[in-house]
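The two complexes that follow have chain A in common; it is paired with chain B in the first and with chain C in the second.
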Partner chain A sequence: MSDMKPTLPISIVALLVVAFLQVPVLVVVLTSFSETSYLTIPPQGWTLKWFAEVLSDPVYLRAIRNSLILAVSSTLLSLVLGVAAAYALFRKAIPGAEAITALLMAPLIVPSVVIGVAMLQYVTLVGLRGSFLVLIVAHVVITVPYILRSALASLSGLDVSVEEAARVLGADGFTAFRLVTLPLIKPGLVAGALFAFVTSMENVPVTIFLASARQTTLPILIFSSVEMGVNPGVAAISTLLIVATVIVLLLAERWTGFHKFV
Partner chain B sequence: MSNLSLRNIVKRYGRTEVVRNASFQIAEGEFVSLLGPSGCGKTTILRMVAGLLEPTEGQIMIGEREVTRLPPNKRNIGLVFQSYALFPHMTVFENVAFGLRRKGESGKPLEERVNAALEMVRLGGYGARFPRQLSGGQQQRVSMARAIAPRPSILLFDEPLSNLDAKLRDEMQIELKRLQQELRITTLFVTHDQAEALSLSDRVGVMHGGVIQQLDRPEEIYHRPANAFVASFIGKPNRLQGRVEAGTVALGAGLALRPERLDLPEGSAAEVFLRQEAIRVLRAPEPGALAGTVALRAFSGPQVQLVVRLAHGAEIVVEVPSAEDTASLAPGEAVYLAIRPRDIIVLPQGAEP
Partner chain C sequence: MTGQRSAWLLIAPLLLVLLLSFVVPLVLLLPTSFQEYQPGQGMVAGSFTWENYLRIATDGYYREVVLRTLALGLGVTVLCLLTGYPVAYLIVRGHPRWRLPLTLLVIFPLMLNLVVRSFGWIVLLTNRGVVNNLLIDLGLIERPLKLMFNMTGLLIGLTHIYLPFMVLMLVAALQNVPRDVEAAAATLGSSRTHVFWSVTLPLTAPGIIGGSILVFVLTISALVTPRMLGGPTYQVMATLIYDEYMQLLDWPSGSALSFALAASTLVIIWISSRMTKRWAGMA
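Let's look at the complex of A and B:
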């Protein structure tokens, strides 16, 4: 079956669906170059002034900085915690491993708004409301499932005796993990980390409950700007986000061939 | 290099005893195999020696050192896995260098020892390749080089040849024997292949149900099995029921066998094991030969298998080389089976499976 070529009508339908889904992205990219101060299709004239405006606006710059700090730190933390958890859950005889895995994966299923409200109540209760650390912790909660999932998948594809061979050859547990297991699951981890990074970078529902005014992140800023009317500045920052994402994905694919792990 | 000894080793999972009170010693430079069907506990013993499993009870000594609770990296052993377990992200050179690097070896001496180990398995010049670029046999040789390079005091093999096809397996068997003779490293070899165990080992331990049934030289295992399990597991034996009478085992209908050794009391029930390959097929009677008729004939190339029905009704399977005159015997023809007294194995009846 797999080497059968799709028929022409199916190919056309598939192409139309893909085109339909990509139109909004195209619209945003095109309007970000428009000279008018409102969104028009086709764009009137060509300019980069909206990019210049956005990139010199301190509010936007701070939001970008907040988002990057948040995404990088929560992804790194999730990597450490997620890999450790996956290793323990997969390799060691931990009682209730299935239940623990389900619990850690739950943020994928529980609506983000619920997590946001719950986190808000909790941090208010323990008196940590408004701390940037809380925001990082919340983002770890929602990004850990991506790391855990890809780490578990990578570990299950690995011959256990490879690590045992390293142990017998004189490597202690951590050295065997660092020199043998970790390099072998790295492509899977890169894929998981990318998902985690993007998830943190674009999150609104959890962040909006927890971020104070000074901690506004980029998606929240875009969200609130749109409330006051869409302008080409929003389109410009969105275009930048799209371009950045594409570049990161291409680099990751070249570096690790990670599409096999998604 | 040192000797290995296991003292009263027990391994339990919950209430199941996988290894029951195993005690044995492997002398310095000796090659001992553990042979048995899957699930008999042989791999469990090997993994306990390697430190990958902890025994529930008992002691493991390497030389004068007790290693029972030591982690694998503190035991100085070499282990060759069935799956090769090479590091796929490292070159052949780095695979072999792994153990040496853990011992702090580096630079020129490291390079020399890695290359020497690769030469020893006839893979000199393959250092720059990656494991995936090698055949199964070559990968297993890399895995051997990796195990011997750090000069372990004990070498362990966990079914190392069972992933290879039959022809390659024979070649590797010779390779392995040569390597072990050159290095004279104390070796524990685990396999379910009896030909492999018998031909490679100084001594073979036949295992069943977590118990070492017999640990002895291959010839002893083959010719003087300690119990019915060993007798039926090794070779292709025929089993006959009989009764001890006046120095013979009477099978019924006037048929009797006179074994070289008979330690059973007069009148007791006995079980006779006759190996297919130890039975000579004759067209004419001979003193002591069993009379019967051919019931079935099957040609398999170099050999012809004959099923012979004895006078008292029991059936015996014999193998005749196709080149022999008796290979042309057809069903219904009379036949006589001669067995040398030393090839008649007699054991008490109903003791084991």
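Let's look at the complex of A and C:
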């Protein structure tokens, strides 16, 4: 009887590949504790000085702050705009809903670097170069497809009659949405918002063309400091990001069963 | 009906944002790509030329960068497919208890900052990096291998970056394979290997195509990893666009290259969606 279970060699290859996926992460974490000013494995001695150095460096602190402000505000804005649009598209009251959806998802297809240079020329033309608001709007453009996709998917799995029942019982449209529909699609929205947040947090190709020196974000800072050469400070800040990612991923998995939404 | 009006009110804000900060910028970039560029003076106002596009096909350097980008896309796609299939297979067909941890281990690198992942590969692949030190310590090589600033480094790094996408697409495809079709083939006397090659693999073709298109398109548009692992000398299309805008300030040439890159991704996605539709019609 062949039950098509993976054979031992297949399983071993698969586990090696999964291990390969974790290798750069482990290497970064290990090197960030090394006492040497160059990166080495195994680390020479154990120290936390690179973490202290990075966390007391005003340049890094400002970049972290910029990244967080940018990611939080663009995710929230995407969430509001995206859920409203998805709700309207879902009710299909709009002619050409399919074409509109395609347009709203287009930023996923057009290469980010192209969006970046197009926006650079545009903001130079209209004289808004260096505005933080421009940066937020640019991040809304690249994050909103994730919100839209998860909101549409969650809404399509919804029983329309539940909201109608609320309407019959006297709730107005917004109240019915807020008290009935919103809680039902919340897990999907949390997953979408998490994707949006991560996308904003790691974006280089759009941000690098628009951010002024004072608006530098964390990924831009790491990206450009690597061109000068690698140092344990970058490894330390990377380790902090890795730890944050692990925590967020595990929390999201507990709250929403995150892996189902990927 | 009031339904239609309120629906437009709900969707209008997002549409406006997309039009003003995505569609209009892209449309305005088009005339730039037909302008002449004079080094030191910038764009020549009112000029019109096909030169920026012609150069991509005729100039030796540009052609090399374009071909390298496409070769990279192809290489990364094949590597992701070969390494991703066993992982997806283990996730779907392996012990159910392994399923969640394995899935999370595949998603985790995907959620991790791209810059951090690329930085990890620099630590591993530089001249005095982890891989070279290990090989020298083991006595396998005497002088460090050149693993960065060339095709090897980009293939390794980008395969690592886009492998999770491929695995997730293949997992979805494998879950859709009806088990009784495989069982039927097995009952009729097919060996395990034969069932896999003649039933399982063809039935996962949509996932294979979808995953390959996704990885290919992402690879040819990638900027961060190619720049971090390839440096300023080993260019691909995205890094060349970046340099033409930020270093050379040759915007006409950079925008022509941008449209060439965007057009190739759109054409590939369009062809693949037509292919899948045709396949779905045949089945």
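The definition used in the following text is that the second predicted complex is superposed on the first by the 256 of 262 C-alpha atoms of A that agree within 3 Å, B and C clash if a C-alpha of one lies under 4 Å from a C-alpha of the other, contacts with A are read in each partner's own complex, and residues count from 1 in each chain.
Quick note on the criterion: a contact is a pair of C-beta atoms (placed from the backbone, for glycine too) under 8 Å apart; a residue touches a chain by one contact, two chains touch by 3 or more.
Treat the numbers as computed from the prediction; the structure is a model and nothing was measured.
Trainee: Since both structures carry chain A, what do chain B and chain C do when superposed there: clash or fit?
Mentor: fit
Trainee: Touch test for A:I136: chain B only (first), chain C only (second), both, or neither?
Mentor: neither
Trainee: Is A:V25 contacted by the first partner chain B, the second partner chain C, both or neither?
Mentor: The second partner, chain C, only.
Trainee: Is A:A166 touching anything from chain B or chain C once the two structures are fitted on A? First, second, both or neither.
Mentor: In the superposition, A:A166 contacts chain B only.
Trainee: Looking at chain A, does chain C or chain B touch more of its residues?
Mentor: Partner touching more chain A residues in the overlay: C.
Trainee: Give one of first, second, both or neither to describe whether A:L152 is in contact with chain B, with chain C, with both, or with none.
Mentor: In the superposition, A:L152 contacts neither chain B nor chain C.
Trainee: One more residue to check, A:V180. First (chain B), second (chain C), both or neither?
Mentor: In the superposition, A:V180 touches chain B alone.
Trainee: I'd like to know which partner A:A196 touches here: chain B for first, chain C for second, both or neither.
Mentor: neither
Trainee: Look across chain B and chain C in the superposition and give the shortest C-alpha distance you find, in Å.
Mentor: Chain B and chain C, overlaid via chain A, are at closest 8 Å apart by C-alpha.
Trainee: Would you mind listing the overlap between the chain B footprint and the chain C footprint on chain A?
Mentor: Dual-contact residues (chain A): 173.
Trainee: Residues of chain A touching chain C in their complex?
Mentor: 1-2, 4-7, 10-11, 13-15, 17-18, 20-25, 27-28, 31, 38-41, 81-82, 84-85, 87-89, 91, 93-94, 100, 103-104, 106-107, 109-115, 117-122, 125, 134, 137-138, 140-141, 144, 173, 194, 198, 201-202, 204-205, 208-209, 218-219, 222-223, 226-227, 230, 234-235, 238, 241-242, 245-246, 248-249, 253, 258-259, 262
Trainee: In their complex, what parts of chain B are in touch with chain A?
Mentor: Residues 50-52, 71-73, 75-79, 81, 83, 85-89, 98-99, 102-103, 143, 146, 150 of chain B touch chain A in their complex.
Trainee: Any idea which chain C residues touch chain A in the complex?
Mentor: Going by the criterion above, the answer is residues 1, 3-4, 6-8, 10-11, 13-15, 17-18, 21-26, 28-29, 32, 83-84, 86-87, 89-90, 93-94, 100, 102-117, 119-124, 126, 128-130, 133-134, 160, 163-164, 168, 179, 182, 186, 191-192, 195-196, 200, 217, 220-221, 223-224, 227-228, 232, 238, 241-242, 245-246, 251, 254-255, 258-259, 261-262, 265-266, 269.
Trainee: Name, in rising order, each residue of chain A that touches chain B in their complex.
Mentor: Within the complex, chain A touches chain B at residues 159, 161-162, 164-173, 175, 179-180, 183-184.
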